[in-house]
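Two complexes follow with chain A in common, the first pairing it with chain B and the second with chain C.
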Partner chain A sequence: MSTPTSAPATVAPAVSPSLWRPSGLISFLVIIAAMAGLPLVASTYMLTLMVPFFGFAIALLGFNLLFGYTGLLSFGHAMFLGIGAYAAAVMTSKLGVQSLELILLVAVAAAVVIAVPVGFLCVRYTRIFFGMLTLAFGMLFHSILFKFYGLTGGDQGMRVMRPLLFGMAFEGGKTAFITGPFYYYALGLLTLLGCAMWRIVRSPFGLHLTAIRENAQKAAYLGVTVSRMRLAAYVISGVYGAIGGVILAVTIGLADPEIVYWTQSGNLVFMAVLGGSGAFAGPVVGGLAFVLLQDTVMSATQYWRFVMGAVLVLIVIFFPRGIAGLFGDAFARLKRGS
Partner chain B sequence: MTVFLDVLLGGVFHAAILFLVAAGLQLVFGVQKVINLACGSFYALGAYFGITAVGLASAAGFPAWTVLPVLILAGLAIGLVGLPVERILRTVYRRDESYQLLLTFGLLLMFQDVFRFFWGATPRTLDNAYLAYGTAEFMGLRVPTYNLLVIAASIAIAVALGAFLQKTRTGRIIRATAENRDMSEGLGVNSSRVFAAVFTVGCMLGTVGGALVVPASASSLEMAVELVVEAFAVVVIGGLGSMRGALAGALIVGLIRAAAIMVLPEAEILSIYLVVIAVLILRPAGLFGKAMA
Partner chain C sequence: MNISRRTLMRGIGAAGLAAAAPGIFSPAIAQSKPVRIGILAPRSGAMGTVGECGIRAVQWATERMNKDGGIAGRPIELVIEEETSPKDTIERFRRLVLQEKVDCVQGLISTGVSLGVAPVAEEEQALLIMWDGTTQDGVKEAMPKSQYVFRSTDNECEAVMASLLSIKYFKGKIKRIAGINPDYSYGRNNWEAFQQILKRAGVEVEVVAEQWPKVGTMDLTSHVAALKAAKPDFIFSSMLFADLPVFMKQGSAAGLFEGVNLALPAAGWQINQLKKEFMPENIVFGHNTLYFALPNASPLQKAFVEDYMGRYKEAPSWEADRAYFALAAYKAGVEAAAKATGRWPKLTEIIESIPKQKIESLGGPGQFRADKIAEQTFYQGLSTNQNSYDFPTLKTVDSFTADQLQKPPGVDFWEWLKTSKLPV
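On to the complex of A and B.
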């Protein structure tokens, strides 16, 4: 390409590092603050939409550690949503354990137990092979949930009872519980896990992952144990996925195989790219945009899949850096203008 | 013995259909290096359009035995939808493969509602056509003649496709483009035309596969997403980009499925994925695939 030297050849706007831009953590905390204030102004219906968003946001934070930071595209990440959802279902309906903290602990443990061997096999591959292997494991999990009726309830799924929050039982209707105490519980969990993820991606471990994404060979030469780091990223992202799955299942009140189907994994990738996988808060923004967009389109037309698909196609073609990329450009322009 | 033959014939029939779709997937991956998740949509599109075409043909007074040629022609005709789809896909050829996957995932979602719009949500069937060809005696087993015809048609398509790619001038140009796009462009190949043609042929393989399956099973909104994972299993087992791999993979998946349905129905899908995972662990490039980074 012959570009005059006066104009930068990169597609990204030239932003010098000295310019102030909102950091990923600040963008994330702004969203959290908005969500914390939302019950004061928004309708109950809007709040019932936000709780699943918290679940997706937690899962997406983990998903993006793998996709955005490590450069591994998992097309079977819904498996971890399913692990969390079924952990909640088994604990509340079969074992009679109602404490949400215990459920979360069990979900995390189950995610680790499954993620370690699966990840061990998957992280030996990259690019499309990693995607296909994770897809195969996800569908393996789906077919177990779907076909072994006696164990999992098959396509009927399993009920998830209302859990106790910090040992406290809450009376009242389901909506009051979801939009009241559970709303803040899930939001608190999201905040906690978001800050933890911020620490992770800024730690030496996070830098190792970025180095692996950029050039795995060079990273290995510099002493990074590539496959061990990838495995750690996979396990952490799986744990986040399972926690997100618990939130989702409690909100729906049901764990069914649909949550693990490969199109659900596709939706997770959709959300991450919609928000922008290159930015820390991008996937969270994407999850929010996806939930709101899907709700709007679904109430407008029965052909909502067509609209969602078209949005995805347009995003991929014209805005591959997602909403966060658009915001970044706008900030850069603002700074240059002033 | 009859059980064994039953499994064999059922499996090979399923494999014949799977091979067509997987061959389309392989062709496009081999040349464009794009994994097309929308291959399942092409398959479903062929199925729905095939039902409509047969309905129109019988209304126009075509005799019952024309069902098979009508279905093949319908599949080929609707396969032309690959041309506009390729125009969309063209924008991301030089991008990261995650974007290519996502773009085709978006197309898959869009097609889902196209089917719902034109053909409704209830599954469509075409059973009277199945009986038009009667049944045949095959080593002491009664099988629908239609299944045997489809297996024969699939073999014929496989042979023709192989001969086309290996022996003809156009086939050589396609293989050269697959090997090195920039170099073949330097030698005067119009690669965007090659890409458009290859994608359309790949799409036609899918639509013909879908059209051929409707007399034997219903067409439904779920068939697209369900077939994608099976076609994926086929290409992973056989090796990405390899036609011989598509054939071997289709036979393995078809036979395993048929056997599992007979022996242990719960393990129908499970067994396929177990094989996929075993292959990926032992031979990551697949049975016939070239080793890739």
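On to the complex of A and C.
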């Protein structure tokens, strides 16, 4: 067992996110701009793939606050996706509340209520202990969803009905809704939350987190309240996860226990590593790459899991800073060349 | 521009030839375009072997039907995607419909996944014919009135039949019952149905143990020990994935089955893995809608089983029948509608036509009801190890049609169980 004051940061990437210039915010906004223009050129199917990506991207921004900036690797972060998804399901299917804004508020509240006690217990540990504890809580939540079937629908999950956006109902089929108004709603949410996260990581609080990641003991000597900061990071990342879960659930139309299973948490880690957790926009890039890669590989071969696993191995061995790292290096070379 | 007489004559000749050539520039050109059928089936994990069996059958059916002119003269082309989690399978479904532009999607085995995909099919107004995955909760809550979704027979049919046969063969010997069933809606419904049917038949029993292993659990020793300690005289298990052979192997090693009768309503799914060395005889053994060694099988079944066993060196399970039935129902529906309209039918015409067609499937006759739920023929019986295979076959074959085992349209399953006239 390790304590906040004695544990060295281990899982954090070697290079500080702040060193990743050009600014992560610009990279993030470039992706947002590309996504905003995508409906003009992409097929309907491609747009239906992008909406889950927005959900994952929001969750990954939060996940990376914990992983990339604070140095805590959660193996149970899909729990928050589930909290958001089931909040949407309960609100729309059981309580008849259709307002997405209200659903998001409830999801955020539920995430805070669960993240505070869970985080309180988990952030006292670091390294593998933190990872195992978060995994345990994630699987505990999965078991609750699976076993209390009278309440949660068990393995069959719960339907998520189409919500109202700003109080407005939209006519037409589900695909038209997802690729039309909901696409831009989710993109807007991603933009807002991305900018908010940028402010968070550049604030004194964000710098405290980076200091904790680099050397928790030294940060504590300098007056950083390590546990409290870690807890705050955990709660914020949970809130982002829940909002991402709402977006996913509305797109799928279902909240089911699979969304909180450990493999889904593994996917979040995969996306963050693929994109590069050392860069602000890295996990967002990773989320996009993961969604597109999985879609292509799944259609190309039945051995798609093997291919995905091989990609992860290659990334970890040869490109530990992920896709964002590759781009960063290329950009730096270009700059030197010019 | 000057047009010479030779050029003009050549042009007229070419136009005349084009007009005279049969089919050119006529609607037939569009009709020779393949009918694209999207398939969603698991290819790995606990349901991987079952999904593969269905895929093999639908490939066999496609080959056979294409030799016979395809569907209303158009060849069939399969686009196969994997059924995984509900989220990913919904994305695969959308890919088939929006990107691959398939005419019909068929498949789905998991109830949880089908409950996620079916509402999407309704919303996308895309025809979906399910192979499996129809439990009561889903029928009742998620899909009260489907327009584009054709569902399989209720999953509980096999439990109802196994319960009835347990009474038929073991009445008087059932006093202390134990259940070991998969921990999800299917397992819970089956165990409940078994107990209710015993009650209706006036069989007074004591439930001595209930075990709920999670699907895919490969170490069942604690469950086996709990069952053995309870000393049941009858065990009912609707386990059906790769964990069933493990249970039978570990139970046999522990002596669990000595002096105990068993009902395994869904054992046929794992037929090739249930080896004689650990399988006791006289089990109520379910093969659902396809018993590969049916003595009076149709020529269609015989041809399929021969080809399948020759090619893959194993027996096909009922998922093969479900896959064949789905494709055959679509073909029959399209061809009947095409005959009635004299052209390639619209989707609404196909949907309207499918329930009117009687289908000769691999396992026997079947038909979709007006509420788009399938009615097929079920096979179960007492098992024997006296055969040339390395797994059990049936020494007595009982067959019921789904209308004897399945609730009628619009009726609650549990109410129907209490009041229906059951065949045994």
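What we mean here is this: the second predicted complex is superposed on the first by the 317 of 338 C-alpha atoms of A that agree within 3 Å, B and C clash if a C-alpha of one lies under 4 Å from a C-alpha of the other, contacts with A are read in each partner's own complex, and residues count from 1 in each chain.
Simple rule for what comes next: contacts are C-beta pairs under 8 Å (C-beta built on N, C-alpha and C of every residue); 3 or more make two chains touch, one makes a residue touch a chain.
Just so it is clear, the structure is predicted and the values come from calculations on it, not from any experiment.
Overlap between chain B and chain C is detected when the two structures are superposed via chain A.
Within the superposed three-chain model, A:Met229 lies out of touch with both chain B and chain C [touch as defined at top]. Shared-chain residue A:Thr175: touches chain C; no touch with chain B. Contacts of A:Arg127 after superposition on the shared chain: chain B is touched, whereas chain C is not. In the superposition on chain A, A:Leu104 makes contact with neither chain B nor chain C.
By the touch criterion stated above, A:Arg305 is placed in contact with chain B and with chain C alike. Legend: residue contacts after superposition of the two complexes on their common chain; A:Glu258 is shown touching chain C, with no touch to chain B. Residue contacts after overlaying the shared chain place A:Phe270 against chain B, while chain C stays out of touching range.
By the touch criterion defined above, A:Ile144 reaches chain B but does not reach chain C. Counting the residues of chain A touched by each of chain B and chain C gives the higher count for B. Within the superposed three-chain model, A:Leu60 lies out of touch with both chain B and chain C [touch as defined at top]. Looking at chain A, you'll find residues 146-147, 261, 302, 304-305 touch chain B in one structure and chain C in the other.
Chain A makes touch with chain B in their complex at residues 67, 73, 75, 121, 124-129, 131-133, 135-137, 139-140, 142-144, 146-148, 261-263, 266, 269-270, 273, 302-306, 308-313, 316-317, 320. The touching residues of chain C, when paired with chain A in their complex, are 43-44, 81-82, 85-88, 90-92, 94-95, 98-99, 111-112, 115-116, 119-120, 123-125, 135, 137-138, 141-142, 183-185, 188. Of all the residues in chain A, the ones that touch chain C in their complex are 43-45, 48-49, 52, 146-147, 149, 153-157, 159, 173-175, 248, 252-254, 256, 258-259, 261, 294-295, 298-299, 302, 304-305.
Taken in their complex, chain B has these residues touching chain A: 35, 37, 88, 91-92, 95, 97-99, 101-103, 105-114, 116-117, 225, 228-229, 232-233, 236, 240, 265-270, 273-274, 276-277, 280-281, 284, 292-293.
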